[in-house]
Structure formats: structure tokens, C-alpha cells
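Structures are listed in the sections that come next.
You will see two complexes here that share chain A, one where it goes with chain B and one where it goes with chain C.
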Partner chain A sequence: MVTTEEEAVRAVPEADVTPRGRQLRTATTIARDYGMHLALVALIVIFAIASPDFRTVENLLNILNQVAVVGIVSVGMTFVILTAGIDLSVGSLLALTSLSSGVFAATQTSTTGTVLLALAVPLIVGLVGGMINGAIVASRLATPLIVTLGTLTAFRGMAVQYRVNPIHNLQDWYREIGSGRTAGIPNGIYIFIAIILVASLVLNRTRFGREVYAVGGNEQASRAAGINVARVKFAVYAISGLCVAVAAIINTSRIGAAQAIAGQGLELQAIAAVVIGGASLFGGRGKISNTVIGTLILGVLFNGLVLLNVSSPIQNIIIGALVVAAVSLDGFFRRRSA
Partner chain B sequence: MRSNRLRAAAKSVGVMSLAVALAACGSSSGGTAAGGGKRVKLAVEYGALSFPYHSALKLLVHAKAKELGGVSIIEGDSNNDTGTELANVQNLLSQNPDCMLLIPVGNASSAPAEAAQGANVPVVSFDQKAAGPAKAFVGYNQLQSGDLLGQFIVDQYKALNKPKIKVIYIRGIIGHVADTARNQGLKATLQKAGLDKDKVGIIEQSADFDRAKAESITNNLMRQHPDTDIIVANNDDMLLGAYSATQTLKLPTGPGTPLHLAGVDGVPEALKLIGEGKIDATMFQDPVAEANTAVTTCVAAAKGEAVSDTVLSFRQVTKADAAAALDSVKSLYK
Partner chain C sequence: MGSGQKGEGMTDLPPAPPDGRAPSGVLYPGGPEGHQPSSVLIDQTAPLITLRDVRMQFPGVLALAGVSLDVARGEVLALVGENGAGKSTLVSILAGLVSGYDGEVLLDGSPITAGSAKESIALVQQELSLVPEFSVAENIMLGQLPHGRLPGLYDRRKMDAEAQRVLDILGVDLPLRRPVRRLSPAQSQIVEIAKGLARQPRLLILDEPTSSLTTVEAEKLFSAISALRECGVAVLYISHKLDEVLAIADRVAVLRDGRKVTEGPSVEWTEERLIRAMVGRDLSQFYRRTPHTPGNVVLEVKALRAPGRFEDVSFVLREGEVVGMAGLVGAGRTEVAEAIFGLSPARDGEILLNGAPVRVKSPRTAIAHGMALVTEDRRQSGIVGSMATSRNVSLASLVAFSRGQLLRRSVESAEISRVASRVNLARHTLDRAIGTLSGGNQQKAVIAKWLMRTPKVLILDEPTRGIDVGAKSEIYRLVDELTAAGMAVLLISSEMPEILGMSDRVLVMRKGRLVAEFSREDATEESLMAAASDASTRNGERSW
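And now, the complex of A and B:
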């Protein structure tokens, strides 16, 4: 807060440092830094007034639980976008990791000994998938957009090749992960919060976190400062892959089936959440907490619009317009602060 | 500089002659296939082999071709994309097939069928009606599956004996051929039975044929409308997502409970749950009859015989015949 105010004062030309000019500038920075928070509060207020079914504790828990899958993928995506990268392969990787989890969780094939496999194998598959993306991006042979566009297609191909038909009949313990509750709160929420905390710690309190911001802010300067840029880039895609695997386990457990067609369009939802949270696609700017706000905005919108019985094409128009508005707003503030 | 240019020229001549040789090769082999009149080369273009139903049809097409003998198969997968569909069809046509089975991605683009006609290859549109010049259509009447879904609601309305019932209707991708037809069929049947919105209140949401989205929507709607009597979905996959949500909410479902479920397709997972009494019904489409008829029709068209449409009907499968239906398809969805 202090730094942003200082920045605002510095940006004001000498003659304009009147109390009034200062107030205006402060309002602009507040809008820039807290615009998405205000938008989320506004949405919640609007839906709470419009729909009595919206404003129940049960429904708010429901929203948190529903956004967990996209939210966890968005947390991973935030790391990637902070380095000015993009990961389009998350939806396909979700399908691949789902299948690698479901195959060990099915009642026909699994014994108690495979419990660990149903959780560990997808994490390994997700990590390896992310590492493949990271290795190619870090080698600078192709841009992140092209690399992950390629793996988007390839991972989906692998999933469909492996198995077209859904794996169902999942073990009861496995179903509990995504659809059970602990102390009255859906399990997906605990996992989501744990991922948020770990990711925030890594980004804000570790050297690696500072390097992620540095690489996204200015790659050349980072290299000059002795940061191993390739290693940082490799790592963020691996993190994204790992997050996808966690989301896949929750998703598979919740819908009770692992499917080769799962996660279609997930990449766009995750990127939308990160961007609505105010992160810059040019890298260097973004926060885990803001991504969570972005995810919640999308989740509240979906839930509220369904409860108000708004038809799906109209829902899509509203959500699409919101993404464009969020990015345009970012451009607007960037130009003003430049 | 000069030698470079020469080298480039030599290279292009080489490439061209290779292309000519390949083209000659292609047409000669095509000629013998058509001229011999014995072997039939069948081209099959699937809408999306990532759809379990299309994948089952593929298995059956191969089995039927083997059974008939003398039928070879070349095939492509449109990946649910009209652009890929047209490109695949062109590639298949360049291999001189004697007939083409086409599962169109949509019913709007006539380009694939026109391309086949241009190459003098008869087209049989398969599973869904393709636009453009096709010799015949083999598939299910999608409108009738909507009729059956509507009839399910009508029957439940009578059985429940309430002045007004509440229905959650989960639709697929708005604008998709099957979704449009099923929606029309359902609404027409309700109207014919005189069940207006004062008798059957429909809460309609689209889940884009996506199981996870159907789960979320049902989760949201069942909290808002806990007094819902029926959930119907435009395919089984979405109904299974809805069923998953009812399980999370710990709501009993199926015949004899306050919440009745019905879908369309007859995938093994749904048939199994129908057998267990957790889901009431599905409008079953049997891929076996469909694939067999499609192959025989296409082979007949390849031989220049007159062919006609085969429009198959969905049938409602309930607990009584779920086991038999499951037996007939479970080997296809492995």
C-alpha cells in the first residue's frame, strides 16, 4: 500500500501535487490494484439480492468447491504467465492424468495397495508432462504458445489412444476426495487452500519466487544478474503440470469417471482466471491471491447465472466480455502509469 | 550463385517427377480395384473417435467388413471439426475408395459430400444426416429420441399424480444437430400431451455434452430446487454427471424415489446404473444394427446397386431390460 502510494505521487507532475490531484491518482491505483476485488464483491452483492438461493452458506461452500479444479490449474498457470509464458496443454494433460489416476482407482482393478498408485502415478504423469513443456520452452527452440499448442494436441491424442471409454466404478475412498466432506466442508476446498498457501509461500518467500518475477519482468537483466533463466522456465511448466495432476484427481473423483475427453477448454478458463486477476500476459506482474479472486469471479458468475436461469450462450457472452474488459483495463492502467 | 540456381531447378524437377510417379501409381492401383469388381475399398470418416459411440461404431464396421470379406477399409477422424473433416475426406478420396461412409460433424456443411460426388464416389451418410448429395442415410432418428425423453416425462407426470412437476433438463451444445433435434422432440411431445409450463416446469441449462459441467449445474440447481421430480439429459454422459451430483448431495434417485433420471445413448455405465435401480431409463441406440446396415449399404452402393435410407428407432431401456442391453454392448466399450 505504501509503495503504491509512493509510486502514485512520483507519477504526478510537480505542479499537480495538490490534495485533489493526489486523491485522483490514489483512486486510480486503488482501481488498478483492487479492481477485481471490487468486481467480485459487486457480483456477490448483485446475485445475493437477485437470488435468495445464492446467499446461503451452503451455496458459497458449493462455489468454492466447484472452482477448486479450475482454481488449482490457474495457480499453476500463474507461475507460467509470470514468466511471460503460457500453458495451453493443461486441459489435455488433465485428461491424461485423470486416466492414469482412474485406472488404479477402479473397483475392478484396484486393491488397497493401489491407493497410493492412484494418487502418485497421476502426479508423476503431470510432472513429466509439464517437464516436457518446460524443457522445450527453456531450450528456446520454440515459443511457449507453439510448444504447448503442440502438446495440447499430443497429450489429447495419447489420452484418446490409451482409452476412449470412461473408467468408472471408482472406489468409494477415491470418490471421497472430490465429493466427500470433512468437518462439514467439502474436501476439494481444503486441497485448494493448501495449494494456494504453498504456491504463495513459494512465490513470495523464496529465492525461486523472486526469480520467477525477475525473469518475467526482464529476461535479459535477469540473465545478466546471474539468474538461471532456463531453469526457472523449466520449473514453472513442471509446477503447472503438477497442479494439473492435483486438479485431475479432484475432478475424476467428483464426476466419478476418468475420461479421455475431460478438460476440453480448461486452458481458456485458467488463462481467463489469471488475466481477470490482473496478471500481465507480458510477464512480471500477477499474484496468486489475485488469481484466486479471478477464479472466484468466474465461479460466482457461473453459479449466479445458472441460479438465475440465464441461458448458456448468454453466459458465454458475459464471461467473454469480462475477459476482454479485464485485459483492456490492464492495458489502460499500464498506459497511464507509463 | 549460378550453381545454386541450377541445384534448385534440379531439385524441383526431381520433386515433380516423384509426384507424377506417385500420382500414376495411385491411379493405377485405384483402377484395378474398381475394374476387378471384387475387392471393395470402403472409406470411413468418423465425427470424433474420442466419442465412445463413434469408437464402438468403428469396431463394428471393421467386424462387419471382415465378415463380408473382400472389403478393405481406409479411414479418418474429424476430431469434431468441420475443417479437419473436409481435409480428411479429400485425402480419403485421393486413395480412390469405392464408397464412403461419412459421419458428419454437423449437418450444415455440404462440402465433403460434394467432394465425393466430384470424385464419383457414392456417399452414405452414417449416424447423422450429412448435407449435400448422399446416396443414402443409415442412422437413428434423433428427433425420436427427444420424443421418447418427452414421453418419459409424460409418463412420470401421470405416475406422480401431482398437479405440477419440476424437471431439470440438461442440454448439450446449443446448435449441435443432436441437441437441437432432441430438444424439439421433447418439447413437441410435452405439447402434444397438453403439458404446458403450469403442469411441467422445466429448468433448462446447457452443459455442452460435458460431464463435469453437468455435475456443477446439477449441484447448483438441486440446491435451488430440492423439490425437483425429474432430471433428463440430452445424453448419458451428462446424465451421469448429474447422477454424480445427486450422490454428493446424498439424494436417492431412480424408480420409487422422489427423483427420476433419464438420458439418451445407452452407454454401459448408464445401463449398469439402470440395472441397479439408480437411474430410471435411457433411450438406447444400438450401434450393432446401425454399423452392420451402414457397411452393407455402402458395399451395395459401391457395386452400383440402388440403395435406400435406413432410419433406426431409439428404444427406452428400463430396469427390466437393462441387463440384456448391457450384454449386447459391453464388449464394444472396452
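And now, the complex of A and C:
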């Protein structure tokens, strides 16, 4: 993976401090920067010991395939959160893009042209949906929370209005995207990895990526440095919408149906993944690789709990507590390094 | 209660309530010592406050490097020193706002605690800490509102009466029920001082209390301070205005680079000697200004106007010239800079660069036209604190080293190294988050950010605020070098010596208008102050 943006940026004090202070600070720094890696490893070890079903190659591939959908949405969400924004509309937009994909992938509308449309139309719908969010947020007329809370409702309404009944009987080639395998590995994983690489490249190696960090870190200073803040904000929501569309195609293909109720609660899972990955909701701090770790932690946790026959309400309690703990830790470290 | 009544409680002490506070409604009966139950046990000739070898280390800065100082009861001690000398830190320690220092701070001979500091010491700072929506009386009495008849309610009439009593001591008249947001900055400052006084402290710390006051207002404050001294209240007075300091203080202590360099009775000092002690060298060496003839006009501002912020501002800036802009806080200097730079554009007027009119709608256009602004508030609009210093430095020049969207990072880091060494920014600071650096290093990085673009016009708004002396002199050296190379600099500063030491010409703003221009030869501290402070209020026009 591309070298990461924040590797160099550590809250190291400028002058020497006492040895004890330095030790403490180093420990804090490690906990902050690698806490989630350790947590992931710990979870895997625990579940591997507790459940024989967990420690199979097939199950691990299964986990990766399952996290691909949430993971891709989380990557888009990372861009948004880096600018101190939030995108609550991803779940509803996923339903809308699913339907716009499914319509062209259903067997009864089978012509060669629809192959392209089943992929292109959802991407356009996702992009436009994200651009609507971005345009309103960039205009500064309403906060990201309110804007995307509104579009969360509106996009869902559009999806249901468009089609209440699920679209089943999707074409075979379409089913291959999400449930097929290449060289023994589910196709969704390849797409996920490709998205991760592109997103890392954009954040770390492009002017735009640098501007995303700057705008999230300090909007006023970014504007004073000549950065087009509105354009950056607009773009991150568009990116989020585009990621949602890609995730929607994989998801629709894998479950074999496009439905208006798809993606409910997806926004919370995506935000949770980003936050568990250590990104700050205040913006300016976070990276793609950490979001991926956050996604994996959630995926492993879900999978492991299911295999251990933990009931779904209990799962939710655990995941919820984890999110609060992750954000509190972020607050703790912020205070530390302040 | 004016100064004439202040002794009335001397023979007739009211019974002290258990918490040691005077009963409400009585301000300083017989001096603040009168209501201290333990005062009989304390040697009244011993100092009220004793500092012994106090050291304070902040990340990157040794703010106090071992300061020992006494404050006697009923004395006015002035604390002077440059920005970054350690005055604010010392004051914050006394007020119990910061902890983690080494050394001893004694109050009445016993180590000071957050509790005892709160009880006996009131700090009035520059930054206003008032609640804008609350009335004058509510703000003055905040934290000690008199209880009403029902629990949870407060007695408005009593509150007003007590607030009035405090204002009487200060000899000023303010509408008690008016919300503070509708007061002038000077009036707010008075409320701030009254609020400190209302707590009946034994030590009142005034940090730059006159920075936004007119001469008349300041005079009233001085007589109030004298009245307090009579009551046995000690006053720690911090100011950059050395004439004031010498007029009002009993003693003066000078801080420099976190050390107390000297102290003594104020009658033994002159302004010149104080400055030399503060700066530690001759001013002529501190401010670097190589004389040279200015070139063509680079920036011309014509009848710039933004209602409510400034009116009819016109001036020119020539190549190789430093033009100082003086004025009181709130005179509109920052607003003019922000308008020229496009942060909040003016409504009317013209801006010409090299003779051609330009429309500056945003900082982006201003930067593209070769302008740069080092903003007044570094943390708020100068730096992206969470980003590495190096990335802050390159932030305004990203286009210059990208091919399309792709950043060419080797070119970038070469450029960063070049400008970093130009401003003397140490290599090891580059990889750190800029928010963790000292103010001086942050400011150097901000200047480096603009140097990378080689601007034609550099606007510096309070460029040396809150930075250490070393960084300060480096910034002066840099300004001198840059102008020698033809850059035009607009220097906005509230520090008179800085304006006088660095400027080829000085513009003075007052209440949103340019009111005077001085050549380097004609500019003196007196002439600038006279132009900057409002003659009409000096004649007592303003209501209070």
C-alpha cells in the first residue's frame, strides 16, 4: 500500500521532557496509532481459539467478501469524515443505486446494451446523489448532518416510490460480480482492494488529497492558503456517492436481488468502521488503511459472534459499545496531545 | 462608594461570616484584610505573594526559567517585558489557571492552592471573558449573584446595587441593565475590570487593561487603582505602555526570556532604560531596517469601504518598502488587510496591483495576484495544526509541484527545505505536527509558506504576537532582507516600538478610517498615539 499520510505526523513534544513523560507519551502514541491493529489481531486469536469453524481459510475469505460492501462505503465515508463532515445518506443511496442497477440486470430486459447500463447507470445515480449532498454542504446553507439526514430520508423515499417489489432473477453474468470467484478468491475482494489502492493514492499522492486533510484540519487556514474549500467539500460527497454505487453493485449481485429496503443502517456501520479506525470526527485525521482495519474489526466481530451463537441483539450491544469506546479513546488522545 | 468612604469600616468591623467573605453589599470594609479571619495571625509587613525560583516548561518553550518575586500588600507592581517574556505564564500561575510548575508560590506565607488563589486573586485579562447576552450588572456579579427569596433565584435589585458600588469605585457610570454586547470595547473592558474587583480580591492582576481605553478612561482606571492601594489591595499591573507603568506603579519588575532581569522602585526608571532591560540589547540592533529608496508602486488601494468595518481607506505600497499600520485594537486594521486579501472583500473601492485594477473575491485570487497575508490569529487561520509543518509550508503552493493532480514529492521536499532554511526553521520541526511547535516556529513556518510563492506584497498582521525574542528578531531580519529584494510589506502591529523600528512610513487608523500618515522621521510614539486615540472622547464626549 502507498505510504501513509500521517506516519510522519506524531504529537511528539518539541523539546525534551522527563524520561517518564516520554515513556508515557510513546505508549500513548503507540496505543493511538496501532491500537486498532492490536485489537484486530486479538479478536482473530480469540475467535480462532474459541471456534473451530472460524479458523478455516473458507471462513476468512467469507469475512473478506462480506466486509467488501461496508468497506467500500467506509472508504468513501473516510473522505467525508476527513473534512469534518458526515454522510448519513449512504444506506438509502445504496438502495437507490441497487434498484437502478437491478433494473438493467434482470433477465427479462436482457440485451447486450444492458450489460453496460447495469454498471453505468448506478454509478451515475450514486455520483449525482453524492453531488447533491456535496453541493448543499459546500454552499454552507446547512450542516452535513442535517443535509445528509434529509437525503437519507429522501433517497429512501425515491427508492420505495420507484419500486416496492424486489428485482430477482438477475442475469448470470451479473451474479458473477459479487458471488463469483477468480483464482479461488471472491471477486468482491479484488474490487475492494482496487478501491483501497486508488483511494490511498488519491489521499496521499494528489493535490486534492492534501487539500482534503487541510480543509478538515482547519477550514479557515485552508481558505487563507488559497484552497477552494467548497470544491473540496463538494468532491468528497461525490466520492462517497460513487463508492456507494460500487458497493451497491457488489451487494445486489451477491444477494441476487435489488430491493428498496437494502442498506438500512449501513451509514452507522460505515461511520463505525471509520471511527474505530481512529479517524477524528473533527476532521483532518484518519487514513484509508486504518478504515480498512476498522472494517475488518467489525467484520471479524460479527462473524465470530455468529459462529459462537451470540444472538443478534447481544451483537448489537457489543458493536455499539465498541463504537463509543473508540470515539472516547479518540477524545482521550486528543486531550493528551493538545 | 468612592475613595472618601473607604475607611468607614475600619473601626466597626462587620462580623465575618464563616466562609471568610465579607457580607454582601460591603466592598472592602476597612480594606480587604478586614474580613480575613486569619489576618490577625499574619505578619502584615510580610509580602502577600512570594515567588521562589518558579520554572514552567511548555512543549517547546521554557516559559519561566526560575523567577523569584515578591508582591507586597497594597503595592502596585508593574510587570513589563516583551511578548513571550513569560508575563502571561506567571500571571496564569498566580491565578491558578495552570499547574505543573517547579518552585514555590506562597500566598500569605503558605503555598498557593487553586482554592486560595480563587479566594484572593482576581485576574483581568485582555481577552474578554464576558457573557455578551448578560447585562452589565450580571456580568460584574457573575459567580456571586446575591440569592433571592426563593432557592434558585437571584435578587436583581441587590445585584444592581452591588454592581453599582463597584462601578463607583472605578468612578464610571454604565447602564447596569444593558447587555454587554451593546457596549463599546472600552466599556466592556471596564466591566471586565469591575468583575475582577467585585470578587474583593487581595491581589488584582490587570493584564493590558488600557489597550482599548481612551486617555480619559485610562485616567479613571488609574485613580481607581490608587484607591485600591489605599485599601491595602495589591495590584499587579501588566502593560506595554511604559509611560503608564512609570506613572502608576510603585515598583517595576522586568521579565525577559522567562527570567526576571531586574526590578526596582519606579522612580529609578526611565522608559529608555526599561526598554533596554526588556529587549536586552539596543533597539537599534534589534530592529533591522536597511535604508533604501522605494521603487514603483506595487499595491494601490483606492477608497476602500466596507460598511461597519472601515470607510474610505486609500494608500499605496511601493517596492522595497515597509509601511507600518498603527492604531488601537478595533480600529479596523485587520479588516482592511482581510479585505485586500479577499478573506472578506470590501463593498466599494478599488485595488490596483502594478497599476492594473484587480477584483479580489477570495484569497485564491489575491494569492494568484502575488499577495500574501500572515494572519493575526495563527491558530485560527494561519496553520493547520494537525498537519506536519512541512505540509503547512507547502500548502499554498501545491500547484507548483504537481503534474496534473499528482504531487511530485521530491520537488516538494526540495522546495520545503529551501524556504525552511531561508527562515531558519530547524529541520527536525518539519516532520512534526505544526500545532506542537512553539509560536515562533509556527510563525516562521507560516512566513515560509508565503515565501515559497515569492509574493510581491506581503501583509503581516501582528507578526510577532506571542513569539519569543529570538524568533522575533529573525522575523525582523527577514522582513529587511525581503524588502531589500523588492518585496512590499504592510506591517500591522500594536507594538509601537515594532512599528517605529521597522517602518519606512506609518499609517494610522482610528475607528475604521485612515487618519494620519507619518514618515519614518516624523513618527514617534507620542505622535502615533495621539493620532490613534480619539480626540473627541478625550474631551469627555462619550457617556460614561
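Quick notes
Operating definition for what follows: the second predicted complex is superposed on the first by the 317 of 338 C-alpha atoms of A that agree within 3 Å, B and C clash if a C-alpha of one lies under 4 Å from a C-alpha of the other, contacts with A are read in each partner's own complex, and residues count from 1 in each chain.
By our rule, a residue touches a chain if its C-beta (ideal position, glycine included) is under 8 Å from a C-beta of that chain, and two chains touch if they have at least 3 such contacts.
All of these numbers come straight from a predicted model, not from anything done at the bench.
Contact with neither chain B nor chain C is seen for A:A235 once the two complexes are overlaid on the shared chain. With both structures placed on the common chain, the touch criterion links A:R205 to chain C but leaves chain B unconnected.
In the superposed pair of complexes, A:V160 makes contact with chain B only, with no contact to chain C.
Within the superposed three-chain model, A:V275 lies out of touch with both chain B and chain C [touch as defined at top]. By the touch criterion defined above, A:N218 lies against chain C but remains apart from chain B after alignment on the C-alpha atoms of chain A.
Contacts of A:I255 after superposition on the shared chain: chain B is touched, whereas chain C is not. When the two structures are aligned on the shared chain, A:I227 is found in touch with chain C, with no touch to chain B. Residues 51, 53, 56, 58-59, 62, 66, 69, 156, 160, 164-166, 168, 175, 179, 251, 254-257, 259-262, 264, 302-303, 306-307, 309, 311-313 of chain A are the ones touching chain B in the complex. Interface residues of chain C, counted against chain A in their complex, comprise 57, 59-62, 341, 343, 362-364, 366-368, 373, 375, 380-388, 390-391, 395-396, 398-399, 402, 405-407, 409, 429, 431-433, 436-438, 441, 449.
Residue ranges of chain A in contact with chain C, taken from their complex: 8-15, 17, 205-208, 210-211, 213-214, 217-218, 220-228, 280, 284-285, 337.
Within the complex formed with chain A, the residues of chain B that make contact are 49-52, 55, 171, 174, 203-206, 208, 210-212, 215-217, 219-221, 223-224, 237, 240-241, 243-244, 247-248, 268-269, 333-334.
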